[in-house]
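Next up: the structures, one after another.
Here come two complexes built around chain A, the first alongside chain B, the second alongside chain C.
Let's look at the complex of A and B:
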């Protein structure tokens, strides 16, 4: 088949059409377009237009299609590779049927909405979607028969009959109308129904209808009886039975000759309707073509012609009959249209062409992605010598999944599709998932979990970092700290710990106690965080009046250099009430160490703060504080020495 | 494709740049009116202007967002020879209620002696780094060493490109695989000056950027340049807007282990399109680099896509219809949703109503981007991109096949 080149789609933007440029900006799900001028100054309309690629995913009903087909898709991916392909065939057929039933369910729902809505525009939109789904289901069903089920001669025709019956069910509608009328045999559509039944090979139903007519015309009873016999005797191949195809063929030929004899000896010449049926049974092409209105499509014509002329047609012969039926059925004026070409390509077993034409005509990645994936699992793409077989599958799946990703809830489905694209799936997922807006903590956690499950460490880090930064900007220190611990971001954890300590110095209390009390090993992420945790521990011990442990911890914070030098004065001040206790808490040695810390702090302050102007008042307070400390330390030392001496004695 | 909504930007002069933030929930616009506006997308998808302020004393050429890891930070560059960095501060609660936000200037970068033509943040793994290029041919790389203090920026590198610079693009791929790399384009129109696109690469040893490559085949003025996300490939892809759209592949050549010089590249042209007829002004990739958009003198935005055989092809055109909406301007945050402005909808209205339901909805051209399509133009499946274009099939869809051809669901009968 020839390649078709298609002109690119044009989308009109409400903007000037000449003399200006269109600027643009890509977004995750759309593109912003605005009027501008790149080479000179000028004026533009100043509007920005949000251009979106698709509407489908915003349809609540189609969303069900996406959701349910996702389950089927995931199920298909888990079918074991190592089973012999023969054993997998029934599974593939059933998966194909599942896909089709999802399409049908969706179609029916759309149809209901289309009918019940009062808004013409909505009705039209849904109507359009229904007709697209109808086409998809029709094509899918044919692909299932020809490629997946790959029915051999004999059963092939039976499957094709089912296919036509399913998609040309308006006969049933008409039949119901006729049967419900007062006198069915006199209904104007009566014969149309009978003939339609015959054309679809539904001979039992045709016979039941004919009985009604026969009772009205007792004179012609014999003739009706003869027709009834012909119809009842027509052999149908039974794939499950013992009969071989050759035996069936012989039997069928006998029957065919009998029908032909009836026609030759003008058995039905007196009744034009029965004669017509007889002509159909004998497979007369001209007669069939005179009833295009009842056949309505060339592929119905094809199947009817096969039924009455070549019931043992082989798959390899199909394309010949299909092509000739198409030519015979269409007027010389009309050209084959996309659906015709797609079905014809299917009859020719040209899978690649089917996929390609479907992509062009349907503009629907859902269909081609899922069908191609299924055909690829059936190993059909390889057997057709497409060296890019799996590339094609992945290409289509990536396109479909990328489309899903632009939707605020469907993106989660896309993750599984990306997971099953071995070449680029992961990179696509990485690029897409970091763009998912982290509107809430809950959503962030959801995205995070997906990244963690897939060891996407860079995305995990980035998401936590973004959340930490956002929390910090909003002064939610606790949340910021827990996010940066999750991101293992030491620098940021240090910065936030610093904020916590500043807050403490300013207000004398800690916020987010729960978090700080339960840091655990996470405390080791940064020195400052360790200090924050330990310092809080000190406060806890102090609060619980476990003064000895508290004082020991306090001292170690300074001697082990965990506390930043800038915080030492605060720590020493915290020691004051412990020094002032009646009971001796700091031992003589500990007091010495405290004194040493104080002197070290004072000497470092003298060198660094020399020359800086500090308000006199602050200076005074500091000096007083240091003097108080020195006094308290000296007194405690004295008490400690006395006490320690006493105990020794 | 279709126009989902139109937003009256209400700038008092030409808009020069529109920029989405990383998550696509905010956008910034800049204009010749010397201001920048920030817009936030509400739950229902509408855009609201939450800040608008004068940023420069000349036309503002470009505005760009820093990665959200660094908070809410914007950079702008202007004809006034400066670039500026802006940070949103969480404002008073009543401001929030009124839907307003506060942006304060953190720094003004005044090193350029001429118009600053482009400003870009470097990939986030390099830290918070800002790059500017200017008409005097200098690329400057600044760094904010403390991300909590954006008033301090130090000029880390000054790279003289010798030609008036119009655009820069960082290679977004991660540092682990490649040294930091950027491309700079020149809009100098003198073809005798040679290649207008230069590639610079960071050298760990000298701690300097060195020129790795000049694309000698690009001799006309270059207006925009864009590296594609790497996708884990061994080569880099670069799109260039010059007198046409060009896509290049840069394949790093095997480097001798002793060599300390910059990587050498084998430069391959992947595609070249002159559909814009004349100058092309902007090129930009979508997130996964499956689509390239370009804007040119034909007044159109064109979308380019490769199929699975890596053949590139135009798959969509966005085009002014000659009816600018003038009525909507004047209200700062007025949104006018334009229904039926796309070809698609009008086609439906024309054909759909009169002839009833078709087998396929009338599409013109048949596979148009349209409402059906995240399912983008399947033309990407077509291998011959240089084939003679066939007349668009106006009636390419089977109108003949009315709904009766297929199972009409019970409810259909009533219609």
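Let's look at the complex of A and C:
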């Protein structure tokens, strides 16, 4: 038995009262739950409950996420394998950014709806979805920096700063409020904004804010000037420039010493705010920890600490700082939340732990499936194989796609995901596609197209058969025949041809002539269909008074054994008017053949119908018919012999 | 370069998109379109505005996304959608119902103005209504039941039914002239029906020779009523002259899967647009110097291959192709992919003036306001 990572969540089935026995059946994304114990008194309900794991699929706004990301996913799969990895990296980063911008767009829309709705419950539901998406985007962004972009020392910090700035955007909101007030420098949030800017390394913006305060305090002008110089001189690494990392490090240390000197000689002692900024600049941990409310998260603390203490941090050193920041930031009493563990695992470069924790913590497969796929394309997951299924990427994609397939409308998206699962994708698709409900022919055609493009002949046959059966049930023989021709289903084509012939025998006319007259090569699908087409051709020739061709065709239908024996009497009866024509149409040889056919039919009838007792009346009609035929044949033979003899003489 | 499309994701697969007609007298631009959805638990018809008239944000070159004006529940998939007039729209439903909806432009609401439930049906089941065409007040519908039904708006009953008009499914219908309609079916036939005749059989049948490729869409040339274009399961574009012969005048390879719609440009018929299950939207342009459109130049049954049209989408290949036979110097045909590559079907398109709208199974609506015609 596998070890369980977390205690499984309990889902209460509302209608199932306690004490009842429940059975269940697995579905691709859901399970069906039903009561198994029926009491004679009838207290057990016959209800079947559908338990869904992935509720998000049914959110109309998240549908946009699924559709847009599907497009990005397909684009990612077409990136050529043989390109050197150096050239691919920018593509992967841009794809990662595309995914994130889709998440952001979706988040913004959810936020708008959450704000505008008047129903508290709905607002909360949307609010929850927003916070989930926020977390997803936060994790994705960090994975992009650490794994996909894999920034080296120097650039790494710059990327982490961007990451924190993007996800701690409430500073900008606060700043806007302050700046729009009558006297920004006297606003109660003024210093919070300045300090927040410094904590995020947005020193330009901090300086602009400080100017407002400086103008109000002409006495302290010199001190403000000094702070401004310190801020403006702080070196930032420029990855595109000519400066090496060591040169930057030397320069940064000089600056750091200068800040430290200012602190030692109490340059800012008279202004607690400037003193505070100075302490932050020197990277004083206690000062930083005193401003947890402005940092709000341990990872903000981490990035700020790196900025002012270790700006050339290497990726391999990250985990050490991350772990210590988490411990320092959280009280000894509080327990890290799932998000904290996930981020920590990312800082430890433990990709599999990130994916595993996300799979457990999040209620949808969308995130882990797409992220894992992208990381796999970056060749970051090579060594990991599961002891079930194929590999992690494929396992997660299959889970996600199977979830989509349970949706009445999103199933179409899943097809492309299955296509890009080399090991089991096809089997999954084969099993799922047959189960798509087919309400209209247009939908059937779309499903068929999917199957035909993938040479899934078994499924093509099955779908056509379903459609053919439905058409037959609705008495649409033409449609039924078309479907069985498309499926190349000879047995079914035979069945329908029989129906056509029965109808003809009963009514004396053909239905659906537009179809039968245009069978073309499709006629060869089954013997019975060939007969149907040829027999109709006979009627056409007869109708056009092309008697000689008609008679030849009629005879060949019997001699070449195309016509079923049961139909021979009808054919022979059809020959009667031709035999009765003034002109001789059947030659002597042909007449002989006709006679032979009749005798063969009679002898087979005698043996097969010996036991059955048919009504006398029917028998009489048959006997009369045969007598008539024999007479006509004999007369025609005589005429033909005379005529043929005359021509030769 | 791709044409400038505004795209909006709408959380429903779009089966049909149609511009609201504009009056010919005024030089009005297309501004409102309607869409119908399919395959959803609750399907809808929706009206959208592209807000081209003086609304803010458009002047600075930023094309705004289409804005939803109003929507209304629709029973079953919307299989076809046609405007009857400025305010009324007719839908064909997979439930077999034919419904006229009224769009109240003052209150931006929609109401059902008239409905014929189960207009198309089998003896014991509903039959999807697959196509509708309007010439106000007359409405003609076709269905999987092989029936052609003629209705009149504001009249409760049915004007005329042609039972067993087709032994297979009729996929689309169009007017040739006021008293004559043309249907296409799933065994590759075009049938002409003269509604003045009481007979229940077509006045003419045209068909693709050989393969019985199902036809899915048809459109009539706006000026020359005898010219029609059809598209079918194999993605081929066929142009027919119904006066001559019973086989297509020309066949052109266009898409790699079902062509769902074909439309001549209503005022500039040298341009033609097609969309397909393969996820592409094509713009066809003939640059004929003679009076005859080059669709009709060249020999009969001459097959013109424009393989370039199926070259990897994503680029913007446009290759000039002249007719292979006849006077090839006179007619040229150019095809251009209008949408960046995507894998999901483009189910519907409509073009009016310089505006084009299309809807996809990827749950997106694309609008282009600068179609070069």
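In this section, the second predicted complex is superposed on the first by the 582 of 649 C-alpha atoms of A that agree within 3 Å, B and C clash if a C-alpha of one lies under 4 Å from a C-alpha of the other, contacts with A are read in each partner's own complex, and residues count from 1 in each chain.
Here is the rule we go by: a contact is a pair of C-beta atoms (placed from the backbone, for glycine too) under 8 Å apart; a residue touches a chain by one contact, two chains touch by 3 or more.
This one's a predicted model, so the numbers in the text were calculated from it and none came from an experiment.
In the superposition on chain A, contact of A:435 is made with chain B only, not with chain C.
When the shared chain is aligned, no partner comes close enough to touch A:626: not chain B, not chain C.
In the superposition on chain A, A:475 contacts both chain B and chain C. Once the two complexes are laid over each other on the shared chain, residue contacts for A:150 go to neither chain B nor chain C. For chain A, the partner with contacts to more residues, out of chain B and chain C, is B.
In the superposition on chain A, A:167 makes contact with chain B only, not with chain C. In the superposition on chain A, A:511 makes contact with chain C only, while chain B stays out of contact range.
Applying the stated contact rule after C-alpha superposition, one finds that A:35 touches chain B and leaves chain C untouched.
Touch criterion met: A:465 reaches chain B, while chain C stays clear of it.
Counting contacts as defined above, chain A residues 439, 473-475 meet chain B in one complex and chain C in the other.
Interface residues of chain C, counted against chain A in their complex, comprise 9, 11-13, 38-41, 76-77, 79, 94, 122-125, 127-128, 130, 144-146, 164, 166-169, 185-189, 191, 205, 207, 209-212, 214, 233, 257-258, 277, 342-345, 361-364. The residues of chain A lying in touch with chain C in their complex are 60-61, 63-64, 67-68, 70-71, 74, 408-409, 412-413, 416, 439-443, 445-446, 449, 453, 473-479, 482, 485, 511-515, 518-522.
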